[in-house]
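Naming follows writing order (A, B and C), and every chain is counted from residue 1.
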C-alpha cells in the first residue's frame, strides 16, 4: 500500500470543507471505510446506506455531507463538504501526486520504436513496448510496458496506455484517453458470408476512433469497422471486459459498465448508461440519456430517455412489476384451476 | 485510416457486377454507410432495413442486389451484384492487399526463439515474441509482436497470431487459423476436488486442438483439457471474450458470438450458431445446426436443429410467446382476483 | 500432447486403489474418456452419468468408485478407488512432474528487473518480463514470459504467474497463488462523479490483496480499491474472464465460475459458489456458503446458505417452479378469458 501521512490541517487545506465540527491531533496514515477505520484513518460517508456506521466509526477524520447533523466524539473531526465523495477524490488525487512514483519521460532501451514514428515531447515509452511505422504519439503520452501501437496509429496529447494495451493499425486515439491493461483497440470485426454452411471471412479494413477524455477498462475489446469507423464519443467511460462490435458508434459522456456487449452497427446516443452484463443486438439505436439496468437484453431501438430492464428488455417500471408478479404465477395457476373446477369447465 | 483511390472502372473490374446502372466520374477515396457517404465514397445496400437511405445517399457508387429497381441520380452508379456484401468483401480484400503494409518474413532481433524450434519458410516472428523449445511453426506463419508459443506447440501453415496471442504448452493449432490479440489457448481448466470445504487443484495435463480455418476473437480464452483434448472444429469462428471450458468439443463451421461461455465437457455439433452472452452448463450435447439466440442459458442437451431462446432455454417460438405474455401477468392477476370476487371464492 | 508410458504396476503404485479387479498387460500411453479410449488408454468413471459407457469402453485400465459392481473384460483392469477423480488427479500430477519441462531458476536475459527488486531463492523470471522497483518476489516464484510486476508489489513464496499476467503497483499476492495468462490484478476501479453530465474520474489509490492459495483464471480482471483494498480470500478459486470491481471483499474457499461480474464494494462470505455468467450489484453482502446458479442476477444481500437462481434472483426452488410455470402462461391467459366469457365479465 501507499504510505501516506497527513495532519488535520493539511487535510482541511486539501478538501476545503464548508465547515468543520470537532478536531483531532491524530495523524492520518490511511483511508478506510467507516467500519474498518482505526484512529489513524480518515473515512467518509458517501452513501446514505452506511449512515449508521458513522456513529460507531473510529476514524479520526470523516468527510460528511451537509445533511448530517451528528456530533463527532472526542478527538474526532467531521469535515462537512458539499460533496464528500468529490472531497475524498481531491485527497486521493493529492496522494496520487505525492506518493506514486513518476515515470520520467524517455524511451526504454528495450522498446522497439520505428524510425518513422513521430514522438511528441515528454513521452514515456516503457520496456518492451512496440511502436510501429507511420505513428504519431502526442505530447505527454505514457505508453507503459509491453504496449503495442500499430502501423498508422495516432495517439493524442496526454493519453495513457497501461501495461499491455494494444492499438491495432490505423486506429485513432484522442487526447487524455486512458486505456487500461490488456485493452485491445481495433481487433477484426466478426463478419462472415456463409455459403453452403462455410463461413467466408469478410475483410475488416476500417478502424476505431476513440475521442478525447475516454477511459476504457482492462481487457475490453473494441473491433475495427468493416469499413469506415467504430467510434467512442468524447468523455465516454467503458469498464472492464466489455465487447464493442464493428461499426458501433457510441456518443458522448456515456457509462458502459463491465461485461456489456454491443453488437455490430448499433449506435448509442449521448449520456447513455448501460449496466453490467447487458447486451444489445446489432443494427439498432439507443437514444440519448437512456438508462439500461444490469443484465438487460436490448433487442430493438429505444427512444431518448428510455429506462429499460429485463431480457428481453421492458420499460423499467413494467419489468419491476413483472419481476414481483412472476413469483405468484404457480399460485395463480392453482387459483385458475380452482375457478374452473367450481364452474365445472 | 487507409488511403484508397479507385476509379469507376477499377471498381467494376474488382466487383464484377451483373449489371451497372448509371455512371460516375468521381474517384472513390473511401467506403461509407449510405447515410454517411459523400460523393467521394462508395457504399452498399446489404441489409434491407437501410433501403430508404439508398434514395438519399450521396455515394457516387453503390453496390446493390438484383431485387432493387431504383434509378441512380446523375453522376451516380449502381453496381448490381448477386450478393452486394460479398462484392464489398472483394473490394475490401483488394484494399487490404494493396494498402496495408506487409511484414516481410524474418525473425525480429528482439524475439526469443528456442534453438530446437522448427520454423517453416516465410515465417514472420515479431518483436518480443517468444517461441519455446520443441515447437513447429509452419510455412507462411505470422507471429506478430509479443506472442507466446509454448513448449511442444505446433502451428500449421498460413496461420496468423495477432499481437499478444498466446498458445500454451502442447497445444496444436491447424492451418490458416487466425488468433486475434490477447487470445489464450490452453490455460488450465477450472477443476478441483473439494474436501472439508477446501478446493484441491486437479492437474490439467491435456491440451487444446484448434483445427484448420478457425478464427478466434480478441481476449477469448480456451482451457486445456484435464486430460485428452479440448477441440475446436474446422472452420468454426469464435468472437471476442468467449470462454471455452476444459474438454469441450466444438464441431465444424460453428459461429460462437462474443461473450459466450461453454462449460466443461460440453460437446457441440457442426454448423451450430450461438448468440452473444449465451451460456451452457457442462456435460451436455448441442446437436448439429442448432441455433441459440443471444443471452440464452442452455441447461440440458438439445437435438439437431433446435432453435432456443431464454434463460433457461425454451424452444424459440415458445420463448417468444412467453416474452409477449409476461407483460400481461400483472393484469392477469387482477382479472383472476375479479373473477374470484364475483364467484365469492 | 505429452508422451506418457505407464505399466499396470506403475499406475497401481501411484493411485493406491482399494481393490483391483482384473489385470492387463497393456502399457498405458494416454488418458481418454470412456467412449474415446483405446486399449492403450487409461480412463475413469467420475460422473455417474457416464456409467453406461463403462461396459463398452476399450480402456485397459479404468479407475472406478466403490459403488460399481461391474466386471472387467479380459485383459482389462478396474482399479477401485475411494474417489476415482482424486486418483486420476494423482496420476495426472505424476505425469505433470515427470513429463513437463521444468524451467530452471534464473532471470532471462531479456527480462527487465529493477535494481531495487528483491528476488528470493529459486525464482524464474521469463523472457520480456518486467519487475519494477521496490518489489519483493518470494522463494520459488515463477514469473513466466511477458509478465509485469509493478512498483511496490510483493509476491509470496511458491506463486506462479503464467505468461502475460500483470500485477499493478502496490498490490499484494500471497503464497502459492496461481495467476493465469492475461490476468490483470489492480486495474483502476470504475469510479466517477458526474456533474452536468460529465464524468469526472475519481482517483483509485487503493490496491488488491490476493491471499494465499488463490487461483485466478485467464484474462480475469480485478480492480484496485478506490482506497484501502480489494481482497480475495485464502483458497478462493476464480475462473476465466471474471470481473471483480473495486473494494470487493471475497472470503475464503469460494468458487467463482467464468464470466461472473461482482460490482464494487460488494462483500462475499466464505465457501460461496457463484455459477458462470452471474452478476451482483454493488454494495451488498452474500452470506457464507451461499450457492448461486449460473446466469443469476443478485440485486440484494442474501443470508448464509442462500441458494439462488434467476435474474433477478429468487430462492432456487421458487425459481425452478417459476421456470416450469412460465411455459403455461400463454395457455393460462386463454383460460382466464374463457372463464370471463362464461361469466360474461
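General observations
In the analysis below, a contact is a pair of C-beta atoms (placed from the backbone, for glycine too) under 8 Å apart; a residue touches a chain by one contact, two chains touch by 3 or more.
The structure presented is a predicted model; accordingly, all values stated were derived computationally and were not measured.
After Cα superposition, the angle needed to carry chain A onto chain B is 120 degrees, rounded to a multiple of 5. Residue numbering shows that chain B and chain C use the same positions for less than half of their mutual interface. Mean C-alpha positions place chain B and chain C at a centre distance of 25 Å.
Residue positions of chain B touching 2 or more other chains, listed in rising order: 110, 128, 146, 164, 182, 219, 241, 259, 277, 311, 326, 329, 332, 336, 339, 343. If you check the complex, the residues on chain B that touch chain C are 110, 112, 128, 130, 133, 146, 148, 150-152, 164, 166, 168-170, 182, 184, 187-188, 190, 192-193, 197-207, 219, 221, 223, 226-229, 241, 243, 245, 247, 259, 261, 263, 277, 279, 281, 283, 297, 311-312, 314, 318, 321-322, 325-326, 328-329, 332, 335-336, 338-339, 342-343. Residues of chain B that touch chain A in their complex: 1-2, 30-33, 36, 47, 49, 83, 85-86, 88-89, 92-93, 95-96, 99-101, 108, 110, 126-128, 145-146, 162-164, 178, 180-182, 215, 217-219, 235, 237, 239-241, 253, 255, 257-259, 271, 276-277, 294-295, 311, 323, 326-327, 329-330, 332-333, 336, 339-340, 343, 345.
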